[in-house]
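Paired with chain B in one complex and with chain C in the other, chain A is shared by the two complexes that follow.
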Partner chain A sequence: MMPFTRLRALMLAPSSAIFAVLFMMPLGYFFVLSFWRVRAYRLRPDATITQYLAVFRDYSKPMVFTFILAFTIAVVTTLVAFGYSYFCRFKAGRHGTLFVFVAVLTLFGGYLAKIYMWKIILGSSGILNTALIWLGIIDKPITVFLFSPIAVLITLVHYTLPLAILPIYGALRGVEDTPLQAARDLGAHPTRVLFDIVMPQIRLGMISSFSMTFIFCAGDYVTPLLLGGPHTSMIGIFIQSQFGLRVNAPLGAAMSFSVIALCLMLIAVVGLAVIRIFRARP
Partner chain B sequence: MRAWRNGLWWSFASLVVAFMLSPIVILMVFAFNRGELLSFPMTGFSFRWFADVFTRPEFVAAFENSLIVSTTVGMTATVVGTMAAMGLARLRVSISAGIMTALTVPLMVPPLMLGVMLLSYYTQWLGLRLGLSTVIISHLVFTQPFVILIVSSRMAAFDFAVVDSARDLGASSLRTFFTITLPIIASSILGAALIAMAMSMDDFLVTFFTIGGGNTLPTYMWGMLRRGVDPSINVVAVLLMLFSISASLIGFRITRYGK
Partner chain C sequence: MLKRADTVVLQQLVKLEGLTKSYAKAVAVHPLDLSIQRGEFLAILGPSGCGKTTLLKMISGFVHPTGGAIWINGQDVTTVSPERRSTNMVFQGYGLFPHMSVAQNIAYGLHIRKTPRAEIEQRVREAMDLVQLGEFADRSVGQLSGGQAQRVALARALILRPEVLLLDEPLAALDLKLRKAMQEELRRIHLATGGTFVFVTHDQEEAMALATRICVMDHGRVVQDDVPEEIYAHPKSRFVSTFIGDANLMEGQRKRNIICLENELEIPHKGPDGNVVCMIRPERMEIAPLDGGKLPSGVTAQLTARLDHSVFLGSYVKYVVRLNDGRRLRIDSRDLSIRQVLTDGAQVRIGWRLEDQIVLADGS
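On to the complex of A and B.
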């Protein structure tokens, strides 16, 4: 082990400067801003919780809706990601790496491009409908796909799935075969092997996949705006509009901090529950 | 019974693969479709939309901006992140893990909020003029953590005996870094640079709020999306996708992440 020398401090300086000046200071300013108010289109320094009260008075409906939808998406994504990673690790044999590669392939490749593609696929004269009509399965286009929470769910599960697969697969790679085999040889039921041996070892990977997905979805605004239609009023749309048309940065800041605080609280609850349920049993 | 269950696993995995890949495959197919309509059946193969988009000055400007931003961000994030990873190497785990966790906190903030937060900070507090430079410094916030994570994980498997020998034989720490350490970890650094570039190229939300006037490819595409159906959107989307997918794939390949 090496001591923390002046050279080390120097090496860490640029990163720390970026972190401090471009992240901590903006975050601090934004937090202070959430206690200000806007009068006659100008920011007035203040120390009021008006904005937070406004968030819970006027925006509780989109807030609740956002959290329910984001939670659903995060649960679906984490479960599918778990199934897929489990398949890659234990069931795919030597093709496992190839299947992981597919997930890595779709990891990047355009946030907007993916949203746009789902719009093209799900639209009433879109690919899914025209293909289904062409094949003679349906004779009228199905209109419920696009401009509904379902479209947002499909698109965001698609976007977050590769992000969620990597931590879970990473955790599953660390699970050794021998104890599993031993448990099976001693007559343990497959579900017991899964819940008592595999899950305790990968619970942190599951939690990190869930948290990433949940935070991303709770803060997204492009997907609900382009695909959600009038009944998918997610909080991101309202946050964005405080910095566009409505010019009320303090309210936007208060909304952002409310979303982040609620996200962290929910993740803490889910995380603790997962850790308790899937603890290693003697 | 066993074969039946195995079949179920394989069909589940195939469905997930189809779900993950279909939008990308369909996009590629339609970008080369001759017709104006984005539906089946197809009307023939053509490059006309590619040719069309490169004659638009706004597209070319956005393309140039994207190249400028992503290469600058990629290089800066790599140098800064590698320096930090070197500074953290061989420290006691309790210290280095703490610093690393702090530096990766920005990844926990949704991009929309990072964008509006930086917008308020630049325009209201600092009074900066928005432009490509504000986009570039903003991208460093979420790209440098990835470089630090990738290079640090390489350093965890690094054999420091070679470095110690060089130092014992009288080489300066700078010389040791450039002649010993760098050649050994070069592939990880290059991979980290490509992944940082891909993330920067792909970013829409932070760019949208910090660019002010001009466009990068994602914000240009956003403008097209808001205006309505235009087959050239496919081309812009395909170009964006190809750039970020190829950069990140090569990046993952050489850092051996998938192995």
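On to the complex of A and C.
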């Protein structure tokens, strides 16, 4: 057994090194930093929870707003991704994988390109308004699309969709056809088959899609900045400004760790709920 | 027609009328009429691609027929979806629910029907006892062996007390020993439940071992439908004769009620003139050394041949002989002593009784 464990350790080494040096160490540094202070534009080592109290006092509103918006985006994305993956697995025949590949290919479009694309589509003289005016449905451009949470929602659903499709499609690939037929044969309506046989087998895929989307959206500060307008105060924007203009890295770190902690809690709750709802019955 | 079942009152349970299925490029099942009696154990036997599974899937409701009708217990179910039919199926590959325990799998059908919990528990226990899976209730399905998974699939279908139990190649995935054991099990369960079983197989031995009646299918048609003994003894076509059991075939021509085989043997046989095939089962042929040996009396059709090789198989010897025209024939003989005086390459006399030969029209 010895050579095998050594080999395994060797294979794990590069990823462990990358994870430790580029991820755990900076994270550790910022965790320590979140208990420090800033005096006269200088970092002062300390062991205070002042920063966390400030987060709670001054930033609960954007925090709650961020979580509601990110949760909504994650739910919408996961459901749309499920629909698309379901189509690819069960209705697209031999071309299922091709459809998934096409979806993933859209990732090449790039993040900023997508943001500007939606700006062009949703703007007051954008494609959507021009089309609606041309069709005679409206006579003045509608301005609610752009610079609103809706614009952020549309853009982020669009961007995260391919990432959310992959885990769900992967899980659906593992679902065999015969048990689904067997369930129908035993008296289950197709909807019932979906909830009793398909969902319990892919719940982990659903949870990972939801988590990935949710974490991405909760931490995003580019889309809300460029498309969100004045009323989309997402926490990412505030965090970014603490590290930038406001020169208050400890507060920024405390805000980041608050977001991480809340994200983990929310994902745990959603995950447990999904696992419980789609458990094997009876 | 049903020799074994003539003591019970026959009652038609399933009736197929002109049932047909065609796909864009090919016809899977040609218009077909079939009736299945209550309590029957019917085998649908045929080579792969003969349409037997399509037929079974039409009965279960998973394949929509292109034409014709399916009646079950006096009701036209042609357009009824699978979940609302009184049939249940044991799928090829079993199709167990991987995220459920053995007991949950078996209980699923009753759970769907909102059966009271106490009744579910009792019936699950009964079903598990029936298939002898008593102590496996809480096992996960992934931990089961092939034979055990097969039993779970059976119990899961039987617990709903279906009018017809359909089995799609039920034993194909099992090894030989387990297959024999499961054949015994299926027979016992059929007797114990008194149900109507229809199973699809490509294995003629399995069909013979289990079925009270066999439907032989080929190229989307039923080519013979009878009790196993009749199909074996009186195959109606060349295909059936070679597909079910081993057969020695000899081609010839019939003229004025005399068949002239290609090896110049002449046999009287009534029938229209034309090309024919003579079929004799290996165990119906006799063999003896050419010099000094004598075939039993009554063996009137005789030929000389050369022994190619012989194989000792315990209770009988398999001789393979070659005729003058090069054709190979197989003879199964229980007379083990002949083998001791015959060496490979020896000249032998072979023959059969005229009543043991089946004459088939050529091209059938």
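The rule we apply is simple: the second predicted complex is superposed on the first by the 259 of 282 C-alpha atoms of A that agree within 3 Å, B and C clash if a C-alpha of one lies under 4 Å from a C-alpha of the other, contacts with A are read in each partner's own complex, and residues count from 1 in each chain.
Quick note on the criterion: a contact is a pair of C-beta atoms (placed from the backbone, for glycine too) under 8 Å apart; a residue touches a chain by one contact, two chains touch by 3 or more.
Keep in mind it's a predicted model, so treat the numbers as computed, not measured.
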Superposed partners chain B and chain C on chain A - clash or fit: fit
Partner chain(s) touched by A:Leu22 [first = chain B, second = chain C, both, neither]: first
First, second, both or neither for A:Tyr111, with chain B first and chain C second: first
Which superposed partner A:Pro200 touches (first chain B, second chain C, both, neither): second
Chain B versus chain C as contact partner of A:Pro14, first or second or both or neither: first
Of chain B and chain C, the chain that contacts the larger number of chain A residues: B
Which superposed partner A:Phe101 touches (first chain B, second chain C, both, neither): first
First (chain B), second (chain C), both or neither touched by A:Leu186: second
First (chain B), second (chain C), both or neither touched by A:Val222: first
Touched partner set for A:Phe210, first chain B, second chain C, both or neither: neither
Closest approach of chain C to chain B (Cα atoms, Å): 11
Common ground on chain A, meaning residues reached by chain C in one complex and by chain B in the other: none
Chain B partner contacts - residues on chain A that touch it in the complex: 1-2, 4, 7-12, 14-16, 18-19, 22-23, 25-27, 29-30, 33, 43, 80, 83-84, 87-88, 91-92, 97, 99-114, 116-118, 120-121, 125-127, 130-131, 134, 158, 161-162, 211, 215-216, 218-222, 226, 236, 239-240, 242-243, 249, 252-253, 256, 259-260
Of all residues in chain B, those that touch chain A in their complex: 6, 9-10, 12-13, 16-17, 19-24, 26-27, 30, 38-41, 79-81, 83-84, 86-88, 90-92, 95, 99, 102-103, 105-106, 108-113, 116-121, 124-125, 137-138, 140-141, 144, 148, 173, 198-199, 202-205, 209, 218, 221-222, 225, 233, 237-238, 240-241, 244-245, 247-249, 252, 257-259
Interfacial residue positions of chain C with respect to chain A in the complex: 60, 62, 81-84, 87-89, 91-101, 104, 107-109, 111-113, 117, 120, 153, 156-157, 160
Parts of chain A lying in touch with chain C, wherever the complex brings them together: 176, 178-189, 192, 196-197, 200-201, 280-282
